[in-house]
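In the two complexes that follow, chain A is the common piece, with chain B as its partner first and chain C second.
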Partner chain A sequence: MERSKQSSHYKDKAFKRSTWLLLFLICLLGVLVMVSLASGYMALTPTEIWLTVTGAGTASHELLLYQFRLPRIVLAVLVGTGMATAGAIFQGVTQNGLADPGIIGIHSGSGFFAVLYLYLLTLNQDQPPVWLNAGLPFAAFIGGISAAVLIYVLAWKEGVTPIRLILVGIGVNAGFSAALLLVQLRMSESDFNRALIWLSGSIWNASWAAVLRLLPWILIFIPLSLYKARVLSVMQLGEEMAVGLGTAIEKERIKLLTIGVALSAASVSAAGGIAFVGLIAPHLARRLVGGKFQRLIPVSAVTGAILIVLSDTLARTILAPSEIPVGLIVSVIGAPYFIYLLITIKD
Partner chain B sequence: MEQIRKDQLTKKETQKRLMKRLSAPHPAALILISSIAALVLIMIVSISIGVSDIGWRDIIESFTAFDSSSTSHVIIRDLRIPRILAAALVGAFLAVSGVIMQALTLNPLASPSIMGVTSGSAFMIAVAFAFYPQSNYWQLILWSFAGAGLGTGMVFLVGSFSKRGLTPVKLALAGAAVSALLQSLSTIIAIHFNVARDISFWFAGGVAGVRMESVRVIGILAFAGLIAAFALSRSLTIMGLGEEMAKGLGIRIGWIKFVSVLVVLILTGAAVSIAGTVGFVGLVIPHVAKKVMGMNYRWVIPGSAVFGAGLLVLADIAARTINPPYETPVGALTGLIGVPFFLLLARKKGRG
Partner chain C sequence: MKKLALGTLSLTLLLAACGNNEEDTELDPADGTDEATEEVQESEGPRVLTDGLGNEVEIPEDPEAVLASYLEDYLTALDITPVAQWSINDGEGVQSYLQDDLADVQTIPYDLPYESVMSVEPDLILVRDQIEQDMVDQYNLIAPTYVMNASPTSWRETMREIGTVLDREDEAASVIESYDARAEETASLVQETAEGESAAAIWMIDTSLFVVHPERSSGSVLYGDAGFDIPDVVDQLSDDADWAAVSLEELAEMDVDHLFLISDAESELMEDRLWQNIPAVENDNVYTFDSQSAWLYYGPIANEQVLEHIDSSLQQ
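Up next, the complex of A and B:
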């Protein structure tokens, strides 16, 4: 009796702590968004931003803020949230800390299908259909699912070991990248360049339309993954334990992977393949709140958003006026972290 | 004194006997000779294939009676032959580096592209283009060597820090991460310094537009590097039996390792400086060569050199003919061949 009281007390404390942490992270994100709004090739002062927001600013400031910077930042937040959550789900399902959708080929599968879709629909047509852009996330989703199925089938040999899953994933990634290169070469020069920039992860041409395309996916699948977080936590206890606790493990695995693929594919269709977010954000979150997915998923979602907004701000300012695709900045930050994890991880 | 000398003698004797036992007898020699013949044949056929069709008479005449006013003669001399030679050399270089890496690390996934060596080279070439745009070909090769060293160094550093050394999986992951890092940095440099178009070629990989002077430079390196590799072959074979055994047989392991790494850097650096990042040749060919030639590196190394050369010459023919008049990057083609192979290896090795 005494003990159960104590443990529930402890739970309350952990819950409280993670709630405060989440609030703090959201505040941090808010501050970063403000900084990001102000910085860029045309820097704005806080007063200028305030004046524009209250409707007393100049027309050019209004244009810059509402049509260029704000959609871009909102998109960065959504993409970061989606990719980080997808990463947390993948790590949970495969029980492998190094499973990042970008490294195991989900991103390049989505990218390949998206580019193929664009290529086939714009081929021999002066007027591409109106639903061209709206269909993009779906094409990416099909690509992501096929990559996931391919990895799972190829890694299957009387069961799937996490290590084989990752090795096969690296191979699938290389295969899709090569296939992608072949498709790209059949495109015209300008399309080729656009595809190249898009694929290395960028949100330069963000617009409210792009935000609206991505938003439903995030709004549907993030709550779903929060709802499924309990199952993920149970899975971490090991397969036998999870089955003993009444979890239909294969079924749940497939459901969770579908959610993860949907989130990462939709994000890829909006911003291209940004690797390492799905890896770093869940790891940082685990450091902060521990391995329980009910707490881990929201914290890693916010962390992911912070990461992308920060990288995007850097991408715009470091080498201004030339812009760097945000995916490259994330890689430069993420690869060393990945290597650090690789060194310290126990196998 | 006498005793020591005797010891030495017996060690040499044992080495020799061991080599004899490991040597596959005549089949290996026969295969090698016939595959060299096949390679030469493919290369000659390859001269006639391309955007502009060239007949056999032109090919023969361009050697015997060169006529600088004939377009086909000029195409053969200035375009086709350099690129075919370059393809063969690059294939041989990458395959031999792959063999040496796999022998050194005893790791079936070790190869120049997976270990980040090629992206290291490409990174340094990007740096050279951005900061020293006047570099001539020799200087470019030096940059490329430095980059190969950088990539290898980074991956090995990761290996030496991690707790249980570089298992195949860790090697593949470390290579992927190092490659991602270096490629991102090169792209950033390319975008900022406006040299993206010059550099994109090095990432796609290909031997189109190679000039004869570069082939000559590479040829000298090829001679040196391949001879060195051949000289290492006996020690590598013995080291394949385990380091303890090799030590017992009087192999100076540290020295052999140092020379081997040097050879790998030279071969890979040279290959990247001329053809960019062509992946998977160094992974696939060594395995094939070992299947065919047995475990003695004295046969495996020349075997992989010939097979690698053949693969890349074939891939280059495909690159010219798939989508004429456009070039398809050779790197993408070797990727398509290499990925299924990698998957096969991953399925086999990724146990537990």
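Up next, the complex of A and C:
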């Protein structure tokens, strides 16, 4: 009796703490969004931004903020959210701290199908169909699912051990990357350049249209993953315990992986294969709020958004007016972190 | 027969590479001109043209600030100063051969970031390559954006189309005419001094060699206008690239009489026996130009400079 009271008291405290933390992170994201809005090739003073936001700015400032910078920032937030949540789900399901959809081949599977889709549909056609871009996330989703199934089948040996899954995943990643390159080489020069974003990750040509293509996926699958967070937490207790608690473990695994693939594939279709977000964000989140997925998922989602908005702001200011693909900036931050994790992770 | 087959093949490739819309609209220049004149006569309102993506683009009357990245050559030929010029490496790299005319024109990154485009305040944007509709929609928020129908590899078509878009068909036609007249001079010089002799333009980067496509860039000038013979190897190598990679062995096999070498530095390749045995090298008929010169580009001005280079090389 005494104990359970104590633990519920502790729970309240932890819950409170993580809620405050989440609020703080959201505020931080808000500040970053402001900074990002204000930075770019065309200089804007805070006064000018204020005037524009309150509707008293010039038409050209309005165009700059609302049509060029804002969709890009919103896209960065959505992509960061999607990729980080997908990462948290993958890490939870595989119980493997290194499982990032970008590392185990989900991204390159999605990218490969997206490029193949564009290549086949624009080949021998006067005008590409109007729904061409709208179909892109679906093509990416099919690619992501194929990659996931392939990894699962290849890694299956009376169950799937975490390390086997990663090794197979890295192999699948290499395979899809090679296939992607093969398709790209058969494209004309301008199509090749267009497809290049699936290799490096870039959102520089973001528009509201691109935001609208991604938004439904995020709006459907983020709440779903929050709803499923409890199951993920139960899974962490180990397979036997989870089954004992009444979880249909294989079924749930498949559902969760589908959600994860949907989130990562839709993000990839919008921004290309940005690796490491799905790795870093959940890790940082775990340090901040612990391993409970009800708290971990929202915190990693916001962390992922912060990461991409920050990287994108850097991507377009470091060498302005030229742009660096945002994926490269994330990799510069992410790769050392990945190595650090590899060195320190316990077997 | 073989040449015809190759010609058809490369035309097919060209069409495949550049979308099919040009087939019915722009390949017949007379057609395009007729259409445009009709429109002008019919109405005093803004002209509406169909661009390479199939969009109807309303062309402003007398645009003053035209942005036409990597099409500056054509604009300059029409005496129009573009509002900004193509550049790479943050403005470090520009089309040097045009700088007599474009020295005062500000630079814009080659990938045309939205904010850079916005900052130069264009009132008409011409886009050379087929880009995504999404991007065109964004550029359209800044200024009417017209994606070219003409293949970038055909400078005459490009010239005519730009003439049509900017309502300067006659000027565009006379640019082509006077170029052709100028090319005649070089052609007769080639006939006098190098009749039946072959030539090749080779771009050398360190130890890598590239040979120009016989119908593109300076290749169209060298063979189509000046009338040099095309070495068999050049014909065989030509794929869908302006410059095709070529090995030293293949170059030696060309037995080429005149070598136009685009290179910025001496290369160890030149020490090679294979190199030394090329007829052009043996007879001292190698003419070197730097990689900033007009040889790597497209357009009436680039081509005329190439003609001048050929003239002065032969008169050496």
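The rule is short, and it goes like this: the second predicted complex is superposed on the first by the 346 of 347 C-alpha atoms of A that agree within 3 Å, B and C clash if a C-alpha of one lies under 4 Å from a C-alpha of the other, contacts with A are read in each partner's own complex, and residues count from 1 in each chain.
Heads up, the rule we're going with is that a contact is a pair of C-beta atoms (placed from the backbone, for glycine too) under 8 Å apart; a residue touches a chain by one contact, two chains touch by 3 or more.
Small disclaimer: the values here were computed from a predicted structure and weren't measured.
> Regarding the shared-chain residue A:210, is it in contact with chain B (first), chain C (second), both, or neither?
The second partner, chain C, only.
> Check the residue A:63 against both partner chains and state whether it touches chain B (first), chain C (second), both, or neither.
After superposition on chain A, A:63 lies in contact with chain C alone.
> More residues of chain A are touched by which partner: chain B or chain C?
For chain A, the partner with the higher number of touched residues is B.
> Contact-wise, after the overlay, does A:343 reach chain B, chain C, both or neither (first, second, both, neither)?
Touch partner of A:343: chain B, not chain C.
> Let me test your reading of the model: by the given contact rule, A:40 touches which partner, first (chain B), second (chain C), both or neither?
A:40 sits against chain C, while chain B stays out of touch.
> In the overlay, answer first, second, both or neither for which of chain B and chain C A:324 touches.
Once the two structures are laid over each other on A, A:324 reaches chain B alone.
> Residues of chain A that sit at the chain B interface in one complex and at the chain C interface in the other, please.
Correct list for chain A: 319, 322-323.
> Which residues, counting only chain B, touch chain A once they are in their complex?
158, 161-164, 167-170, 172-174, 176-178, 180-181, 183-185, 187-188, 191-192, 204, 279-280, 323, 326, 328-329, 331-333, 335-336, 338-340, 342-343, 346-347, 349-352
> Contact residues on chain C for chain A in the complex?
Listed in rising order, the residues are 16-21, 53-54, 89-90, 108-109, 111, 113-116, 118-119, 129-135, 137-138, 141-142, 240.
> Enumerate the contact residues on chain A facing chain B in the complex.
Spelled out, the residues of chain A in touch with chain B are 98, 103, 154-155, 157, 161, 163-164, 166-168, 170-172, 174-175, 177-179, 181-182, 185-186, 200, 275-276, 319, 322-325, 327-329, 331-332, 334-336, 338-339, 342-344, 346-347.
> Using the touch definition from the top, list the residues of chain A that touch chain C in their complex.
Chain A residues touching chain C: 40-42, 60, 63-64, 67-68, 124-127, 133, 188-190, 194, 204-205, 207, 209-210, 316, 319, 321-323.
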